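Below, each structure is written out as structure tokens.
First chain A sits with chain B, and in the next complex the same chain sits with chain C.
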Partner chain A sequence: MTTTQRLVRGPGFGALIGVAAMLTAFTLIDSAGWWSVRTIANVVQFTSILGFLAMGQALVILSKEIDLSVGSVYGLTGVAFVTLQPDLGVPGAMLAALSIALACGLIQGLVVVRGGLPSMIVTLGGLFAFRGIIYVWTGGSVRNFPEEARVHSLTRLMGGELFGIEAAVFWMLGTLAVLTLVLNATRFGNRLLATGGNAESALSRGVRTDRVRVSVFALSALLAGCAGILTLADRPQTHVTIGELMELESIAAAVIGGCLLAGGRGSLWGAVLGAFIITGFRYELIALGAPSSWFITFVGLVLIFAVVVNQKLARMAGQSV
Partner chain B sequence: MTQKPPLISVRNLNLYFGAFHALRDVSVDFHAGEMVGLVGDNGAGKTTLIRVLCGIHAPSSGEVYFDGRKVDTFHPKNAIDQGIETIQQSVGLCDNLSIARNFYLGREPVRRILGIPLLDFARMREMSTRVIRQFGLRDNVSADDDVERLSGGERQSIKIGRAVEFKNRVVIMDEPTNHLSVREREHVNELARQLRDQGLLVIYITHDIFQVHRLADRIVIMENGQKIEDTTTDRMSAEDLEAVIRHGGRVVEKAEA
Partner chain C sequence: MRISARLVTAALLASTVLAGAAGAQDKKYRFVMVSHIGSNDANMGWLTESLKTFEEKYPDVTTEYISTNNYSVQEHVRLLEQAISTNPDGIAVPIVDSDAFEGPLRKAIEMGIPVVAFNIPDGRPEAERIPYLTYVGGDEYLTGKRLGEYALAQVEAGKIPAPTGVVCAVHDAAHQGLKARCAGMRDAMEATGAKFQELFIGAEPATARNTLQSFLSANTDTNYIFTVAGWSSPWAWGVANEMGLKPDVDNEGVTVMTVDEAPVSIEGVRAGHILATNSQGFWLQGYAPMEWLYWYHELGYRPNSDILTGPIVINAENADQWAKLVRGVFGDTEYDNQNTW
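Up next, the complex of A and B:
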């Protein structure tokens, strides 16, 4: 198979068409509004943030599970980063916040595997529990970074801009490259795909499917945590609702990007393109002056349309989906 | 053959699934260089027994010894590491992965690039392509194709090829000739014989007592989770064994009722 054939048959191809269609449409409708520095800067920043969550979600979906807790983990990590900074300093707070995210993922993964429970229920519990911790911890108050934390080099490296472009996009693309390599060209990746495709067969080949699953939940939470850090480093102000509904947006992004909920098929770059499509719609609707409440309706329509298209493409590629 | 200590020794094995007593006090020995036919009706416990041997189920009570050592933890990984390869009926291949990836699943070869262990695709392709050709799969099937595209017989060929290719000590075949053409069936049986001649232990599970009687050195018959017969093929004819299967366990119940 040539590279082109591989791309066309691959799971992310639908999202690629989607991005092309979206860019064409926005250029035709509202060239000035869409291609403005402000819109593009917002889209790039938020695509990177949602992209992190979508990559984690894609890995979870590839292993035939689901993670509904990423929005709360994202929020909790961000809140921890800002709240712990006065005591631990910026690097210490960052490390502590990411450890909290990792712990959230590990706990949920272990409960799913050891308890033999559906991940949808366990991570729904996580969604509520971690959100509750945010409420209790902040007491509903808004917190901010002091000036010295805002100008700290690590904060600047994560937030702010590099070469005039949002720093987050470099982190996201770097992570995408590493995770794509891990998924497609390492033992862990092969076993992850096998676990998602047919867990019983994977187990019979000696794959420790329970460890694979726990690792995937840990990775997903860690990626959500990274997104939280990047967000707060850019705009260091917490609020209790931070990250709400982002678990659903991340699932939408992964599905638009070609991940099949049946497991074992999907791509990370597709999920990132899915995040780009969702974010693009959000900011273009704002640029067009549409009421912001319209956004969610659009995401819903795009999602359903994308699933139909992706399924047709997969069938054309000869897969039984 | 029986002088040597057994390679696998099962002692008073019991297995419950909830209240269901799937294996009842099963004791059986298997020796290296021997082909054993494991025969019995559906639900007799054949597959359950081999699922213990390949590490999928842990027994409720009783012991399993491999090469003289007691097995403490049951996991397919341990069984495969010990050289116990199992060809199961519906399990063993992931449809979403290529033939090459399936071939090496769980024991993927890696090549270090800048110290990072990455899958050695060249080696994976080379070996699985050789097996594909040996087993006479269609010419347009390549090692990069998803297993999903293969027919039942081709899938079985991949599983058997995989079992033959790696250095194993035990090969367990669960209904290996189901869904196979006559020619493919002959090939599989010939391979089973070759493996035995190479000194491996081959456990061959089937319904077909006549087929396995020609192949195997010994026949073990199971019924209702119990071993009801264990004899060498030169001591009992296929017809006699078939009678044992047909009447095994149930005649007595009927007579009592």
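Up next, the complex of A and C:
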């Protein structure tokens, strides 16, 4: 099979077409507004944040599960980073915050696997519980991130700029490259796809599907945590609402990017392109003067369209869905 | 899935209210404040602190503060109905949605439970509105109007640029009070001919910044930003600053205004980032409804009109005094923590 054929039959092809259609439409409607450095920089920067969550979500969906808690984990990690900084310093707070994210994912994964409970219910519980912890911990307002912490080298490494481009973009691209390699060229990736494709078959071939599933929940939470730290290292002025509804945007991005909720088929770069489509449309709809609340309607329509297209593409690729 | 989550939440809230009712048996009166200001909003501190002070002054009364997070009108109505079912001696509640609150509140009043509206009144004409005892709170419309008028006075004095475009950045599209703030600002700015637009930015910080930046890029004539929550003002200032729109208070670039006597709003004014904010007398909004409910029971008092506790404009001239007052309520540590500039 040639590279082109592989691309066309691949799960992210729908998202690629979507991005091409979006860019063509924006060029025709608002070329000067869309193709400005400021617009692209803003869209790409937010895509990077949502992209982290979407990649984690894609991994979970690939294993035939779902994670509704990523928005709250994203928020809790960011809040933990800012709140713990005075006591632990920037490196300590960052490590502690990421450990909290990892613990959130591990606990949920273990409850799903050991408890035999649906991930939708467990992570819905996580969504409420982690958000509740934010409210109780902060008392309604996230504390100040002092100047010395803002200029700390580690903060700048996560939230600064390189060649005029936000650090979050490089972190996202680097993570995407590593995770794509893990998914496509390692035993773990193979086991993950096998678990999502047909868990019974994978189990019969000796794959520890329980470990795989716990690992993806932990990875998803860790990626959400990284996104939270990248966000606050760049813009530390936040609120307890941080991350609200981002779980839904991450699911939308992963599905638009070609992930099948039936599991076993999906792509990480597709999920990032899905995040780009969502962010790009929000930006451009507002720029064109549409009420910003229309965006939700748009996401709903695109999501349904993407599911239909991706199912057709999956069937074309010979997968039963 | 959402239904089950709501059932759990409802059960928890019901048990809280019932527990409060049981514990209040040795007191003469039990008043319940059913609020929309939850633990995700630092302004809750004003109300809970004032209830504490009220209980110290009136030891024969127990007060309860119950509220929703992740605000939804349906959740709030459910909470209100649960509070009514415990038959308290008085209820204080914001009328966030007149239609949704009408049924339960009329039922409560028919049961003989006096009701005081606080923070948000029933916005309909007096003959149509819910027959509560009185309204204690600010005037959302006047909040926007007075701030707009203050800005125009500063234009007259040559301290800030005249408005060419005004955006009212709203984080909750269904909140009538926030819409009224925008309406007040719009009316204040009407005579200037500046283009006025309302923008729903949402409450999620990164999304709100993304939305605001898109709007400001496409609407280059916008030079006034009015955020209807104090905590979103640093986001608006930050976006404008990154775009090189010079958002500090001076005679060029963008001018930012906000609301509330929260530390972030006051310190924004003191730092020269925010032109003005307002106080709607949050502390009084907790204390005064309880006192009117008490006087109603003890003396038969019925206020003859609404009781306005604001707005008062907080600007560079009086911000220091406000900072002192707010530090007294929140404490120095909490005040500094909440200053996110």
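By definition in this document, the second predicted complex is superposed on the first by the 320 of 321 C-alpha atoms of A that agree within 3 Å, B and C clash if a C-alpha of one lies under 4 Å from a C-alpha of the other, contacts with A are read in each partner's own complex, and residues count from 1 in each chain.
Keep this in mind: a contact is a pair of C-beta atoms (placed from the backbone, for glycine too) under 8 Å apart; a residue touches a chain by one contact, two chains touch by 3 or more.
This structure is a prediction, so every number in the text was calculated from the model and none was measured.
Student: After superposition on the shared chain, which partner residues are touched by A:190: those of chain B (first), chain C (second), both, or neither?
Tutor: Only chain B; A:190 stays clear of chain C.
Student: I'd like to know which partner A:202 touches here: chain B for first, chain C for second, both or neither.
Tutor: In the superposition, A:202 contacts chain B only.
Student: Once the shared chain is lined up, is A:314 touching chain B (first), chain C (second), both, or neither of them?
Tutor: neither
Student: Going by the contact rule stated at the top, is it chain B or chain C that touches a larger number of residues on chain A?
Tutor: C
Student: Tell me the contact category for A:264 with respect to chain B and chain C: first, second, both or neither.
Tutor: A:264 contacts chain B only, not chain C.
Student: Taking the two structures together, which residues of chain A meet both chain B and chain C?
Tutor: none
Student: Per the contact definition, I'd like the list of chain A residues that touch chain B in the complex.
Tutor: 1, 181, 185-187, 190-191, 193-194, 196-198, 200-208, 263-265, 318-320
Student: Touching residues of chain B toward chain A in the complex: what are they?
Tutor: Residue list for chain B touching chain A: 54, 56, 75-77, 79-81, 86, 88, 91-97, 101-102, 104-108, 110, 117-119, 121, 144, 146, 148-149.
Student: How about chain A: which of its residues touch chain C in the complex?
Tutor: 33, 36, 38-39, 42-43, 46, 49, 120-121, 124, 128, 131-132, 134-136, 139-145, 231, 235-246, 279, 282-284, 286-289, 291-293
Student: Once bound in the complex, which stretches of chain C touch chain A?
Tutor: Chain C reaches chain A through residues 1, 4-5, 38-45, 69-70, 171, 173, 199-207, 209-211, 213-215, 217-218, 231-232, 234-235, 238, 243, 262, 264, 334, 336-341.
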